[in-house]
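Order of writing sets the labels: A, B, C and D. Residues in every chain begin at 1.
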Amino acid sequence: MDIALASTWIRAVATAVEEHRDQLTQLDAAIGDADHGANMSRGFTAVSAALETFEPATVGDVLVKTGSTLMSTVGGASGPLYGAAFRAAGKVLTEPSASPRQLVEALHAATAAVTQLGAATLGDKTMLDALAPAVTALEEALFHGADLAAATAAAAKAAEDGAHATTPLQARKGRASYLGPRSIGHQDPGATSTALIFTTLAAVVAAR
Amino acid sequence: MDIALASTWIRAVATAVEEHRDQLTQLDAAIGDADHGANMSRGFTAVSAALETFEPATVGDVLVKTGSTLMSTVGGASGPLYGAAFRAAGKVLTEPSASPRQLVEALHAATAAVTQLGAATLGDKTMLDALAPAVTALEEALFHGADLAAATAAAAKAAEDGAHATTPLQARKGRASYLGPRSIGHQDPGATSTALIFTTLAAVVAAR
Amino acid sequence: MKKFINTPESVLTDALAGIAALHPELKVDRDNRIIVRADAPRTGKVAMLSGGGSGHEPLHGGFVGPGMLDAAVPGEVFTSPVPDQILAAAKAVDGGAGVLFVVKNYTGDVMNFQLAAELAADEGITARTVLIDDDVAVQDSTWTAGRRGTGATVFVEKIAGALADRGADLDKVAEMAEKVNAASRSFAIALTACTTPSAGRPGFDLPDDEIEIGVGIHGEPGRSRGKLRPAKELVGLAMNAILADQPLNAGDQTIVMINGLGGTPLIELYVVAAEVAAVLATQGVRIGASLVGNYVTSLDMAGVSITVCRADDEMLDLWAAPVATPGLRWGH
Amino acid sequence: MKKFINTPESVLTDALAGIAALHPELKVDRDNRIIVRADAPRTGKVAMLSGGGSGHEPLHGGFVGPGMLDAAVPGEVFTSPVPDQILAAAKAVDGGAGVLFVVKNYTGDVMNFQLAAELAADEGITARTVLIDDDVAVQDSTWTAGRRGTGATVFVEKIAGALADRGADLDKVAEMAEKVNAASRSFAIALTACTTPSAGRPGFDLPDDEIEIGVGIHGEPGRSRGKLRPAKELVGLAMNAILADQPLNAGDQTIVMINGLGGTPLIELYVVAAEVAAVLATQGVRIGASLVGNYVTSLDMAGVSITVCRADDEMLDLWAAPVATPGLRWGH
């Protein structure tokens, strides 16, 4: 992954978020407070604007800028979490281009940042339930010799599966946890937006 | 009309008001504040209760008691107006029984009381538009030799016609006047309750 | 209908019980349905008395206390109080200096207070009445019942109340009340109709994209309907009506109220406030004091009324004077 | 969706413009989206800072002023503020004695304030955080995000704010804030869902005869649904939950808040107040102070929350101390 691809990815996420804005809001309305679409949209609109004039020297610069902007504009639970995730990932990628192996490391750092800040564990019905399996899938695919396109496709599939798998879970973190058993039967909005980020990654890598 | 008939009449009005409560409220909702049904119901419920223990010596006592009770319990525009009307009518009837001629006089006094307090003129789309024609019809019928049953029936018909005739009028008094031209096309609630009072009178006289 | 009530018939008495329980500084006479200052009557002080239909809270019961009203007489929801009730309140607060009736110009209120004034006179109580008629949405002509009274009532009760507190006599207090009323204009816009407990359904039907322009505080439909528009345009409409009726000059001081009708979030009232301030700023008009919140409501109606009072220094000074009521409180 | 707004995106900045225009006693920094006392920073005084998603007005911006908050940081509607914003506010009000962050226990608020505290520490500002978690509708366990913060926030901001005003140091102020929070319990019932400007439709669908029991102030559905019942029964339900969690004894003093969620008429709040007072009276519990009105709202939601704080004499004394904010004002 080079700087151009990273920028293309993030901008494509912004577009995807706009397209799925209502879906994210509806999912959040069911078990939260109906703002996840607006939050992600506000954040990535700001990110797009920020990247416009930004001159990154490394792949990491793109991701750190993305994370910092999200952290300063989103608010809510997802703002600090995505902010910390992108910032942590970016800090790992200190070159103008990153190898697939480095990308995996960066995503491990992102996962660690989310876990540290949010204190969620797998199965708590959060974005982690999409993020963690996606990273594992990426790593395994690469380990088995897949190229980046195939590996990111596997990661995207794992993220989507992970997001879908949150439906029967009872939330134990975030706003949805207040619902107790009533949170069961709805897909987690944050896991859904995480899946979106990975499907977008797969798409831009495939299109390259 | 004797004391018994007067009491029967007022109690029958109370019943009729209960039956038409929703209608009166709906009419008032259209051009007022949706409380005429509740107002009339509250007032005549109190009147029924008051008459229960009351020992009238004259026909007028029944009507004065009715008016005073309405005045103390209804509020709004209709409370003082009906209160004053019944009180004024009652003050004319100082005997245990009243002749048709005396009844006409009492109703003239009632009309005068409403006009004096409310300052409405015919065509202002108020209860007066039912009250005044009813009194005129009663008087004319008696003048032409009708008995009380026929005369009160004529009065009831005139009151109902008068109430219906308020529909195309633009209100110039009371709450409906604030609507200006938008008050056109709705029947006046107060005129409707006045018609109810006269149809009830005709019914109890006929049933005697 | 979804409401926190026990029965539609008991709303007023139940609410009075709540006022009695939580406001020991007020005396609530539940039989007569009157709310009076615990220290009433105050000898030698002009007593301020107001009332009207319930459903407009905090008006009027929430404005009873030092510096404002001595008594409030709440009628049933959207229904004027009855003369007996008003008389009982007048008796409870008259301290020998007379009673000022602050009456919103609705036929029912006017008649019931008039009958009460006659009864009071019979009992040797001097009562003067000031009619509040600030609603520019309603045409004032000999062919109508005249303008309705709305937001200006708060200004009148506060300012005349402060003057009464300072020991002015009945004529002076009444004169000030009239002056404040004459200097005030209001305009209201509703997004939804309200539901009275007894009717059980909204007073009128509004399509999803329509609003009532010039709505009354009893939930009466306004003079016209229109499409929903951005706040800036709606405020423009209201301010045009207000300023057309009483033009203001650069340098004029005002007291401004951005009033929620009961179902409008405060954050929206501040959006409206910003637009009102912008209109006044372009005219060079100064906002000397303001209120933003629910003061004269129409049950659960989503809507806002704007009241602008051209205030002289004395009015502003009286406005700033101490007041200690459940609904308005400062300086004590 | 019918709202007095210009665009869904500009609600917060437009409302801040309104606050700026009508409250000269507050400084509004529209770029940073913070509201601070005009006389901030106050040297040597512990600064009180709170914030959270918008849509709960007057919380928090309406509680900025002498005797309560030094700064409020409003996020977007129902969305926590961001760390930069919180940091900017902390810098604006720190008078050298440190800053107390009053944070409602929601994941987003907790994380954003935590990040802000780290940033503040980098700049040499001492910040302590008190988490408010009084909502007994939510189970408090290691398996959940813990209880939500709601009505107790007003009590904490007022009482700790008064203590800060009296010159107490950061630890003392924080300790008092924790004590008030620990002594407070809340429970909310919604009759309708609220509509955020960005979502444009109600957050949940409620049948005409159903209510949400234990609803959250961000319009989150509650823990269960039930049929609408008379006010007395609904209050019984809420008070059972509150008293089961923190039993009160005869003779205990309390501060009680009957809070409207934004779309509930005040007259209904007083009906509820009467029932709350009746429950407490049967237990011999005294109401030392109370608030009835819209203080912690959820936009246009029709609903009510009840907060009961077991208060000692010091807390009652601090409650009664002067306060001068747009939303709470007395004694100055």
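Some observations on this one:
Simple rule for what comes next: contacts are C-beta pairs under 8 Å (C-beta built on N, C-alpha and C of every residue); 3 or more make two chains touch, one makes a residue touch a chain.
Everything quoted here is computed from the prediction, not taken from an experiment.
Here the chain-to-chain distance from chain B to chain D, counted in touching steps, is 2.
Centroid distances built from C-alpha atoms place A farthest away from chain C.
Chain A and chain B have centres, each the mean of its CA atoms, that are 74 Å apart.
A separation of 32 Å divides the Cα centre of chain A from that of chain D.
Centroids built from CA atoms put chain D at 28 Å from chain C. Annotation for chain C: residues touching 2 or more other chains are 77. The touch graph of these protein chains is an open line.
Of all possible chain pairs, the ones that touch are A-D, B-C, C-D. Interface residues of chain D, counted against chain C in their complex, comprise 2-7, 11-12, 14-22, 54-55, 57-58, 62, 77, 191-192, 208-209, 211, 228, 230-232, 234, 256, 258, 262-275, 277-278, 281, 287, 290, 292-294, 297, 299-300, 302, 304, 324, 326, 329-332.
Listed in rising order, the residues of chain D touching chain A in the complex are 8-9, 53, 75-84, 106-108, 111-112, 114-115, 137-139, 143-145, 148, 196, 198-199, 203-204, 216, 218-221, 223-224. Of all residues in chain A, those touching chain D in their complex are 25, 29-35, 37-39, 42, 71-81, 117-118, 172-175, 177-180, 182.
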